[in-house]
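Shown below is the structure under consideration.
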Amino acid sequence: MYELGVVYRNIQRTEASLADALGPLGSATVHEAMGRVGLMKPYMRPIYPGAQVSGTAVTVLLQPGDNWMMHVAAEQVQPGDVVVAACTTESDDGFFGDLLATSFKARGARALIIDGGVRDIKTLQEMDFPVWSRAVSSKGTVKATLGSVNVPVVCAGALVHPGDVVVADDDGVVCVPRSMAAAARDAAEKREANETEKRKKLASGVLGLDMYDMRGKLAAAGLRYID
Amino acid sequence: MYELGVVYRNIQRTEASLADALGPLGSATVHEAMGRVGLMKPYMRPIYPGAQVSGTAVTVLLQPGDNWMMHVAAEQVQPGDVVVAACTTESDDGFFGDLLATSFKARGARALIIDGGVRDIKTLQEMDFPVWSRAVSSKGTVKATLGSVNVPVVCAGALVHPGDVVVADDDGVVCVPRSMAAAARDAAEKREANETEKRKKLASGVLGLDMYDMRGKLAAAGLRYID
Amino acid sequence: MYELGVVYRNIQRTEASLADALGPLGSATVHEAMGRVGLMKPYMRPIYPGAQVSGTAVTVLLQPGDNWMMHVAAEQVQPGDVVVAACTTESDDGFFGDLLATSFKARGARALIIDGGVRDIKTLQEMDFPVWSRAVSSKGTVKATLGSVNVPVVCAGALVHPGDVVVADDDGVVCVPRSMAAAARDAAEKREANETEKRKKLASGVLGLDMYDMRGKLAAAGLRYID
Amino acid sequence: MYELGVVYRNIQRTEASLADALGPLGSATVHEAMGRVGLMKPYMRPIYPGAQVSGTAVTVLLQPGDNWMMHVAAEQVQPGDVVVAACTTESDDGFFGDLLATSFKARGARALIIDGGVRDIKTLQEMDFPVWSRAVSSKGTVKATLGSVNVPVVCAGALVHPGDVVVADDDGVVCVPRSMAAAARDAAEKREANETEKRKKLASGVLGLDMYDMRGKLAAAGLRYID
Amino acid sequence: MYELGVVYRNIQRTEASLADALGPLGSATVHEAMGRVGLMKPYMRPIYPGAQVSGTAVTVLLQPGDNWMMHVAAEQVQPGDVVVAACTTESDDGFFGDLLATSFKARGARALIIDGGVRDIKTLQEMDFPVWSRAVSSKGTVKATLGSVNVPVVCAGALVHPGDVVVADDDGVVCVPRSMAAAARDAAEKREANETEKRKKLASGVLGLDMYDMRGKLAAAGLRYID
Amino acid sequence: MYELGVVYRNIQRTEASLADALGPLGSATVHEAMGRVGLMKPYMRPIYPGAQVSGTAVTVLLQPGDNWMMHVAAEQVQPGDVVVAACTTESDDGFFGDLLATSFKARGARALIIDGGVRDIKTLQEMDFPVWSRAVSSKGTVKATLGSVNVPVVCAGALVHPGDVVVADDDGVVCVPRSMAAAARDAAEKREANETEKRKKLASGVLGLDMYDMRGKLAAAGLRYID
C-alpha cells in the first residue's frame, strides 16, 4: 500500500477451485469460519440485491476524483478475478461506470469492490456486473495522477493483497488471504454442514438454549428469571 | 432499561386484536394519529421492501458484539410477537441470522426490530421473515455477557416496553404503548377514512390550499404572491 | 434563496423539448457533459429503483418539520415540472406522502426531489410517482411557518433556480441551468454517440489504455511495470 | 414521552445530597457503577472542556426548529436542576442561546443537556453555563408548536425521567434513575476508593495482568505467546 | 457555479464598513436578522475557538484532492477579504496549510472558509489565521485540474457570490448577500440593542413567558399544566 | 491481522533515533514526504490540542466492547512505544481510561492511537498522556474475548505493522513503515528546509503562482482571466 506509480504484473492468485468454492458459502459463514476477521465495513453495499460472487483480487489504488488506474487495472485482469479498488482518501465520486464494466467483463472480471462511488448502476444490473461500493454517484473523474495496481490495499477497513480471495454477497464483503483460503473453505463447509441440521431442529421448535446447552452457563453468569 | 441479567417471563401484552389492527394502518398514519411521537430513527430500514407488520414487543437488551440474549429471548416469544432488540452501545455487528430467524419463526415471532446489524438477509427474505435494522453485516458475535429480556429498552431512539405494539413497514417503525393502542387505532382509522375522500378530491385537481382552507391563514402569516 | 414568505408565479421554464431530451441521457452523462458540476450530493437516493425523469424545476423552501409550502407549491405546478424542495436546515422529517403526491400528480408534476424525508413510499411506488430524498421517515409535519416557492434554493448542495432542468435517475440528481440546457443536451448527445462505439470496442477486448491512447501519458507520468 | 402539550409541575426530585454527590465521581465511574447502562450517545459533547456537573433533571420535549417549550421549562427550574431537552426528531438547530441561559441560570439551573444544537457558545462559556449538545449552530428557531415539560424523554438514546440525576463531564452524560441514585453513589464511591490504590500500583510498574490476576484466564482462553 | 477554468478579476465587494460592522454582531444574531437563511451547515467548525471574523468573499471552486486554484485565488485577494472555498465533490483532504496561509495573510485575507480539510492547524493558530472547515487532515493535494475563482459557489449548503459578506465565529458561518448587507446590519443591531435589556430582565428572574407575553398563546394552543 | 489469540513478543522496532526524528517534522510533512500514503482517516482526533508524538508501534487487536487485550499489550510496551489499537468492528466504546494510561506510562508508552473510544480524558490531559481516538465515551468494557497483540492491524484505514513508526499531532496520524522510515525522514527534512525559505517569500508578498512557476501550466490547461 505504500508504493505509488507501480503495476505488479505477476501476482500469485489463490487456486481457482478454492476461490470458486468460497463464494457459495457466503460472506457470513466464511467470515465466521475465519474467526471473525477480514470483513470490510458494513457501509459497503451491493448496487443491486442477489449477487453472490467470489474471485481472486486484482487491487487498485486510486487517487481522489481520478480513475486513471482503473484503465491500467483492466489489462491485469484475468478470468475469475474480482477488482478491489481503494482510494488514498475517502471519496464518493463515481470512479466506475458501464464502459469500464464492459472492459472489465470482457477481460473476465466477475465484480468490482470499490471504497468509492459508482455510476450507471441500472446498466450494470442489466449487464449482470455486480459492484459493492460505498456510494452511488453520477460524478465522473479525471485521469491525471498515478496510483498503483496490484499493491496491497486497505479497502473499507480490510487489508487485501493481490491474489487473495474476495467473497461478496448481500451481507457484505470478506477478504480471505491466500494462505488461509483452504482452511477457511474447510472450516466454512464444516459450519455449513452443521447448520443444516441445526436449522431443522430449530424449525421443529427446539430452542437454541437447549441445542447449544446454554442454560447452565447462563445461570452461572447470574441470569435471573422473574415471573 | 436499567436492569441487567434478568428475564421477565410474564409480560402484559397488548390485546392481539388491537396489535393486529394497527399494522395495516401503516407506520405513518399510526404515528400521525399518536401526535407524532414514538417513532424510531429513520436509519432503521427494512432488509427487503414490502413487508408490513405489527405485533406485541418482546424486548432484548444486548451487549456489543454479543448475541447471547437473543437465544434467551427466543424462549419468551409467543405467536404474534415482534422481537425488539437494543444494544448497550451503538453497534453494526450482525447479531442475527437465518438460524435465529428459524427459531424465532418456529416460536411464532413475526419480525425483528434491531438497533444493530443483521446477516443472511437473502435467506431471511426467502423465509419471509422481515427485519428492520440499522445495518447489514456479516460480522458474527460471541456469547459471553449477560443483557436482559423483557425490560424496557430504548431502541433507535424510541422507548419500548414489553407488550407494547410495534408497527413496521417501508416507512419506518413506530412503537405504540399498550395504554395508547386502542386510542391510536381509533384515531388512525379515522384518519384513514378521511384520507380516501381527500385523495379523491386531490386526484380530481382540487388543491390542498382550498381543501384544507389554507389561503386565509397563509395570507395572515404574510405570504406574498409575486407575478 | 434569501427571501421568505414569497411565491413567484411567473417563472421562466426551460423549453419543454429541451427538458424532455435531457432525461433519457441520464444524470451521469449529463453531468459529465456539463463539466462535472451541478450534481446533488450522493445521499439523495430514489425511493425505488428504475425511475428516470427530467423536467422543469418548481422550487420550494421549507422550514424544519413544516410542509405548509408544499401545498402552496402544488398550485404553481404545471405539466412537465419536477418539484425541488430544500429546507432551511437539515431535516429527515417526512414532509411528503401519498396525499401530496396525488395532488402533485394531478397538477402534472413528474417527480419530487427533496432534501428531507418522505413517507408512504410503497403507495408512491404503486402510483409510479418517483421521489429522490435524503431519508424515508414516517414523521409527519406541521403547517405553521412560511417558506417560499420559486426562489432559488440550494438542494443537497446544488443551486437550483426555478425553471432549471432537473435530471434524476438511479445514479443521482443533476441540475442543468436554463441557460446551459441546450449546450448540455448537445454535449451529452455527442458523448452518448461516442459511447456506443467505445462500448463495442471494449466489449471486443480492446483496452481503454489503447482506445484512449493512455500508454504514453502514463509512462511520461512515471508509471512502472514490475514483473 | 408520549404526551404532548402538558407541563408537570410537581416532580419528584432525587434528594439534593445524592444528586450533588454523583457529579464529582464522574460519568465514567458512575456509568460503570450502574452496570454500564444509562449512557447518552457519545455524540453528546460539551461546548467547552472542563465542566463537571450533576443535578436533578427537568425534562423538555421540543418540536423540530421550535424552542417554545424551553421558555415554559424555565419556570419549572429550581436551584440544582439540570435541563434535559429532547426533540421529536433529529435536529441540529440552535434551540438555545445566551438569553435562555441567562434565564435558566437566574432560576438556578446548572447546565443544559440537549439532543439538538446550541448557539452563543462563547458567551455561554463566559457565563460559565455548560451545555452538552449534539451540535453547535447559529440557526434560530420559531415558537409555534407545543411539546411538553417534565414528561419522560429519550435524550440521545437514554431514557430520562423528571427528577432523575444527570451526571455530565468531558467523557459524556449519564442518567441515573432516582431509584438507583443511592446505590449508584455507593458503588461509584467504592470503585473510586479502589482506583486510588490501583493507580499507585500501576504507576509503580505492576501490570494489570498481575494486579487483576488475568494470566490464568487468558491462558485458559487459549492465548499464545510467540517469541 | 457552473463555470470551470475561469477567474473573475473584478468583483463587486460589499462596502468595507458594512462588512466590518457585521462581524462583531455575530453569526447567530446576523442569521436571525436575515430571517434565518444563509447559514452554512453546522459541520463547519473553527480550527480553534474564539475567532470572530467578517469580510468580503473571494470564492474558489476546487476539484477533489487538488488545491491548484487556491494559489490562483491568492492573487485575487485584497485586504479585508475572506476566502470561501467549495469543492465539486465532498472531500476531507487537507487543501490548505501554513504556506498558503502565509500567502493569504500577506495579501490581506482575514480567514478561510473551506468545505474541505485543512492542515498545520497548530501553526495556523500561532499565526492567528482562523479557518472554518469540515475536517482537519494531513492529506496533501495535487495541482492538476482547473476549477474557478470568483464564480458563485455553494459552500457547505450556502450560496456565496463573490463580494458577499461572510460572518464567522464559534457558532458557525453565515453568508450575507451584498444586496442585503445594509439591511442585515440594521436589523442585527436592533436585535442586539434589544437583547441587552432582555438579558437584564431575565437575569433578574423575569421569565421569558412573561417578558415575551407567551402565556396566552400557550393556553390558546392547548398547553395544560398538571400538578 | 488475521490471527486471533496470539501475542508476538519479539518485534522489530524501527531504530529509536529514526522514530524520534519523525515526530517534530509533523504528520502533514511526513505524509507528504511519503507520497501521500499511510494516513489514518481524519475522524481520528486528539483528545486535547497541542500534543505532538512519534514512536514505535505496539499493536493491539480488540474485540467490540472488550479491552482485555489492552492489559496484555501493556506488558509488551517498551520506552518509546506508541500503542496502536484497532477493533474487529467499528466501536465507540471507552476501551481506555486513566488506570490503563497510568500503566502504559509506567511502561514507557508515549501515546495511544485507538480506532475506538476513550474516557477519563480530563485526567489523561493532566497526566500529559495523549490519545488520538475516534470517540470519547464513558462506556466501559468487559474482559471476555481474545484478540491479539503485535499482529499487523488496520487502524482507521491505515495498515500498521508492529515496530512501524507512528507520527501524530493536531493534524492527524500517519504510519511510516519501518522500511521507509529513513527515506521518509530524509524527504521530510528536505521539505521542511525548503518550506522555511518559501514561507519567507510568501510572507513578503511573492505569489505561489510565481514562486512555483504555475502561470504557464495554468494557461496551458486553459485558465481564462475575465475582467
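Going in written order, the chains are labelled A, B, C, D, E and F, and every chain counts its residues from 1.
Just so we're on the same page, a residue touches a chain if its C-beta (ideal position, glycine included) is under 8 Å from a C-beta of that chain, and two chains touch if they have at least 3 such contacts.
This is a predicted model, so every value here is computed, not measured.
J.: Which chains does chain A share as contact partners with chain B?
T.: Touches both chain A and chain B: C, F.
J.: What angle of turn lays chain B on top of chain D when you fit their CA atoms, given in steps of 5 degrees?
T.: 180
J.: Pick same or different for copies chain B and chain F, depending on whether their interface residues overlap by over half.
T.: Interface between chain B and chain F is built from largely the same residues.
J.: More C-beta pairs touching across which pair, C-E or D-E?
T.: Here the pair linked by more C-beta pairs in contact is D-E.
J.: Return the distance between the CA-based centres of chain E and chain F, expressed in whole Å.
T.: So the centroids are 31 Å from each other.
J.: Hey, how far is the Cα centre of chain C from the one of chain F, in Å?
T.: 41
J.: If I count partner chains per residue in chain B, which residues reach a count of at least 2?
T.: 36, 39, 88-90, 92, 137, 139, 145
J.: Quick one: which chain pairs are touching?
T.: So, checking each combination of chains, I get A-B, A-C, A-E, A-F, B-C, B-D, B-F, C-D, C-E, D-E, D-F, E-F as the touching pairs.
J.: Would you tell me which residues of chain B are touching chain F in their complex?
T.: Listed in rising order, the residues are 63-66, 88-93, 137, 139, 142, 144-145.
J.: Considering the complex alone, what residue numbers of chain E touch chain C?
T.: Result: residues 1-2, 4, 34-39, 41, 88-90, 152, 154, 157-159, 177, 180 of chain E touch chain C.
J.: Help me check something: in the complex, which residues belonging to chain B touch chain A?
T.: Residue list for chain B touching chain A: 5-10, 48, 68, 71-72, 74-75, 92, 94, 97-100, 102-103, 105-107, 117, 119-122, 135-140, 143, 145-146.
J.: Given the complex with chain D, which residues does chain E contribute to the contact?
T.: 26-28, 30-32, 36, 39, 42, 45, 49-50, 52, 169-172, 174, 195, 198-199, 202-205, 207-209, 212, 214, 218, 221-227
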